[in-house]
């Protein structure tokens, strides 16, 4: 499907997994390993094989236990327990500022997943947490700092209102991440997802519930543009 | 069920309807006639019979055609086409200010239903329309006026964000009315309903989708308290 | 956004949380701490900092363990295990009666959350529990007592029918709280929520499922009016 | 599948329909023709063929136009426009009283479908309409009459509360029929359906939304028992 | 609300519960205690108090632990672990046959709840389990026995098809109970509930998911008619 | 993506449509034109262009008006108004019997769409309509004929029960097509879809609601195997 | 219902289960035992009884514990822990190739359930796992091998996209199995189910979520055709 | 809320609408007028007033009739009937290429809404329509052209699969727009929305159903970055 093939083979077949070694060439970043539903042994094997080709690796939804095992294998790797991410290898120098806002304290794990992903993929990141609209002056106080960034990621559960308000104030692409944080009729994140999809403020797009990784990835792609 | 019964009979049986003549005594306001699903003749008969006992009548979801027929019967009555309300008889002098906010222009019919209902039930009403959060300075500009009221009704479709923001700014009971105005995944008003139910700002309660009448009624009950 | 700023700074930035110190001024009550999703250390730090400014604090969704820790920090504070609330500091003298009804015995925890919240915010509260419509004479027996109150909170799971019946009997603002109590097709509280939203009896508004706190808060705002 | 077969053939094959001529023997009543989705010619052909064998016929969801055509074919038949039913032939003498309650005026078409079906199948029927719980004394006033019946059918839209209340008062089998009458979040009848399924009052079963025919049929089967 | 009051007081107020002592008079059977969400102590207190007045008591959703405690208090009572029911006191002699069918083996606990409830309320009961339509000759083999009963209860999960098929074969009132048994898109019992509500075979009504008690109760009310 | 490319170009670009001329080679049948959402002119242009290459063409969801226009262009083509299909060109000789069952008369248009599609694609087809389970002997009467076929298509709305029953009787692949025919809580076909997905009888797979075309297509692919 | 009955009795009645001994004759394979919701003792009894008649047995959703017990009873049986299947007795020689594709590594347990079922029922099976569309060249690389099969089973969670893409490439019947694997708004498998039902590529049918058994069974029925 | 206010007043109050004149300064583009739910007179008044300040105006969801009236008022404006957009005034020179892909022909109106919006806001736009995955070589054929763009907008109904496939091939930010085009269980666009949210290919974000305007707006904001 492409004229000039790279030197590496197109994929490695481990039976239970087929590692896509051309992903970095096509997408600008090697295959990221989604660890949920894989055994620790599978994760370690996959990570090692990818690292051999690309000299860097990023894994998501990593449990504390698997994180420890990875740390043993990749001595200079880093496990972020809150973000449930593990990465190892060369991290590019950060260029282009990405701002990660969270509406509440409880949204921070997902916000961290977004922030670390963006950093690993080469963006500079500033975090501004707990600026929900119940006290909107907290958001306004950070206006200048936020406007200095190229992309804004907004992580919010409950009513998911923050992207609508920020979308009325700032002139930057906004990636909204609904979280399953909340109670009552939050519906596992469907409530803030709907709020964000129906936002009256244009310039907002949405990723899946709790998908901090996807937001961080997209922010970096926009940043790199 | 009560010790001292009023002079009027408890209800009138028309076969297809049983008019509750004790409602005014129990609830402080006569039975309001919901016209959807009733024939014009049924509506006229019911309205006339209630008027005979209570000397005033309020009807909701009145079509233009039925409005005209009612106007013929009750010469001094008034039909509000936007709010689809008809009322006739003694309107009490307005006491206690109710503010009705709308997020957008398209929400105005429901906002009017709330406003006129509150007026007919004896509240003073101020209307402030199209103050959605895409330009939040429009809301802030009316801050003083809004704080002068006893109850705030907020009518919003689309993402339904306005009550969350107002709930962070104002110290008054807020009755939120989601509307079916919107497109995409508005889900006939379910999206703003969920936003409002999940609002982080306490002091907000919600009525049914497009139920401007219910909001105006409750505002008056709170007002009268 | 306001002319005359109070002496206290607008908010304190703890990184993971930004405490809104102007909330009391704007909303008449300091920021209430929602503890779900926060670590015990975060809760204690936040509570201490808010208490320093406002001399009172209210926390919701407090686990038994965190309740014990708070009790050590605030010796004169009180933890209500059923309502999962903790509060400390000056409680205003109760004015204006709020009635809290529950349909069943299983709804009592949410009813207690509403009742204690209203008390902490300065309302007098009477509790009348287990008056569901399967034996409607139990509700009717308390008619006089209920009519003596300024606001009625009704907590109900299962079919959520009580607010409709009470709305036909009483002339007071009714705040309905659906609960996730039930089985079969209760849908985690959606069934009683729908019943309440569709209530034929006007004068009823609804808060989120299991949101006893929100109902107690709103009742006090109406009470204070 | 049965030892002694009746004289008539088991079914007639019209190509687009296979008329079940043994239904009367098995179920105690001939096949009822559901007309929605059938052409007038198909309806007439089917009705004529069934009538030839059974000397009576009942058709549901009959449009006014098809009703007129049926009337021409069956001179002594009767079309009920409100219930959208047509029937012709021998109606058994009514035995066993069935009460049909409706919560509101708008529910009457479905209530009539239930009532006429029960009559055609041989039950005596009394109708008591518009006894919703907003004025519960209207229901109580008919208590004696209702308790004289063998089965109670309750037709209700909006919040669907009436069966719960009646279930607490009466000691008779209750068949609840939710209707799609309502507005806001009625969800085409799902809201009252959920209320009825979750009813705390035992002794209540539910048929499909707007299925007055099914309720009348079942009431007669219970009646005949 | 009634002319001649019975000697017993209308209800007992335990604070957390108001026991309806007139239920037996109104409904023909004393208040049944739903134990989910109540503490063992509450259950024992309520059961004892009801037993004192009525000399019999029925409790549903009883855990094994509470069952043991009840057994100590009521030596001659009986706990049915599969049906999670406990009853004590005079059981009337069974009259009128009720058939309880189950589609599968896994549906038996709910079927037992229905069967024991009907027995405790005075019906004779025959159980025919595992007659789902994958082998329809199993159902047909019991045809005579089934037709000897006054009411048929059908308990089915998965696709919920059995009531439709039985409704085409038998001329008795059918009470269908959907169960949450199944996998894939069973949706906690919503799939069989929908099948049953949409059944083409008239003469079928539905109770809530897993509500064996409700079906047994209603069957007895029909039986007693 | 393939070694030996066919002589025809891979696709034709009309701007608003890109006709896939390799589809016949890859899938064994040329691209079928889904007409909904296309203008008559677009449909005619696309059909003509496809016909030029493949000498045959099949179009689905064709309105009567577009059918007439197609008939003018393709004199020897045929429009089936009930199935809303149009086809022209060489029809292969039918091999391998496909049986199309419908549960009711109202399901026939979808059943016809399936039947005609299978015929156009080269299967022999027998139609057996209106064999729903309310009179199960009608289905059993056709047992031999049904077992003579290679594939069974079952079209059913309402409760969607027929595939479960047929799946217990016949040893052939069953393709179930839920239809949006029904009333009450049919949910536009979701109710029978759920019944079919949850069928206890293995050997059943499901296509989209009202997707007679998809069922006929798949039946032919299985047939051709 | 059939002319010539086989020598074995039609079913065995164990009370809690009625074993259908004619299933093999009707359906070409003996009754398969669904173990979820049955006790280990029930499972063992049923398996033994079926084995006695048919000399082979297949059980699904078998827990590790029950698997061990079955292994003791059937020494030459085999338990597949990943697929949660147990089978014993004569396995027919495999004929006709079935390909089982999985989109991801996490989908393998369901894919194995499909593959082993098809093998036990007499099909040859090839497994090609982890060929999701994020790297579509992995699928294309296996093109020849896939086209050599008679039926394709595709197991996919997350976005469920693989059947649509494969449906555009291959000319074989495709049975799609959505899995509950995923996160965010996967909705327990509803998201990939919807994608598969709405697939633009004809020739695809769908079984229930996680129903690998059903897919393997149907593939074998098609294979045997 | 900002230090240096622009010369123009913050908003104009028309009663039914409050025009936000600072939007251009804050967001880089003047307020866009959403015409659904507004009368033609309101639309004309709003458009004229906005034009007076900003010398350009963009209106969405414009009916043909309102389009004609606008054309009379703004002689040099342009109405795009397919996209239902109207714009007038200075259009910036296009910089930065945006590619708009559509999966099918029927998705073109929404794709046009996206394309025209991006053009009016200053992007260069290339359109590639009808490249759905049923014939994936059509997409691959445009690979080079697509990779030349800064942002990719993908408009798809039915199964919504295209963004997942494109996300695996291209290294650009992808904005996915689900459309309500489809049939069966498309659920008004919810099916493709879910597919897109659950896409395994990172780098994809989603806007509301049929929200071509939002996608075009966001693409331009990213483009301008």
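To keep things simple, chains are lettered A, B, C, D, E, F, G and H as they appear, and every chain counts its residues starting from 1.
Keep this in mind: a contact is a pair of C-beta atoms (placed from the backbone, for glycine too) under 8 Å apart; a residue touches a chain by one contact, two chains touch by 3 or more.
Predicted, not measured: the structure shown is a model, and the values here were computed from it.
Colleague: When subunit C touches subunit E, do the two copies use mostly the same residue numbers, with over half shared, or different ones?
Modeller: Answer different: the two copies use largely distinct residue numbers here.
Colleague: Suppose chain centres are the mean of their C-alpha atoms. Which chain sits farthest from subunit C?
Modeller: So the farthest one, by centre of C-alpha atoms, is F.
Colleague: Find the chain most remote from subunit H, comparing centres computed as mean CA coordinates.
Modeller: Farthest chain from subunit H, going by C-alpha centroids: E.
Colleague: Can you give the whole-Å distance between the Cα centres of subunit A and subunit F?
Modeller: The separation of the two C-alpha centroids amounts to 44 Å.
Colleague: Counting in whole Å, what is the centre-to-centre distance of subunit B and subunit D, each centre being its mean C-alpha position?
Modeller: The separation of the two C-alpha centroids amounts to 36 Å.
Colleague: CA centre of subunit B versus CA centre of subunit F: separation in Å?
Modeller: Each chain's C-alpha centroid was found; their separation is 51 Å.
Colleague: Whole-Å distance, subunit F centre to subunit G centre, using C-alpha means?
Modeller: Here subunit F and subunit G have centroids separated by 26 Å.
Colleague: Can you list every residue of subunit H that touches 2 or more other chains, as numbers and ranges?
Modeller: 1, 104, 134-135, 140, 168-169, 184-185, 190, 193, 197-198, 208-209
Colleague: Give the pairs of chains that touch; include all such pairs.
Modeller: Result for touching pairs of chains: A-B, A-C, A-G, A-H, B-C, B-D, B-H, C-D, C-E, D-E, D-F, E-F, E-G, F-G, F-H, G-H.
Colleague: In their complex, what parts of subunit F are in touch with subunit G?
Modeller: 1-2, 26-28, 32, 140, 143, 150-151, 168-173, 175, 193, 197-198, 202-209, 213-215, 217-218, 221-222, 225
Colleague: Hey, which residues of subunit H end up touching subunit F in the complex?
Modeller: So the residues of subunit H in touch with subunit F come to 104-106, 108, 129-131, 134-135, 137-138, 140-141, 181, 183-185.
Colleague: Which of the residues in subunit B come into contact with subunit A in the complex?
Modeller: Residues of subunit B touching subunit A: 103-104, 132-136, 158-161, 164-165, 167-169, 182, 184-187, 190-192, 194-201.
Colleague: In the complex of these two chains, what residues of subunit A are touching subunit G?
Modeller: 1, 10-11, 15-18, 20, 22-23, 31, 34, 36-38, 42, 61, 189-190, 193, 208-211
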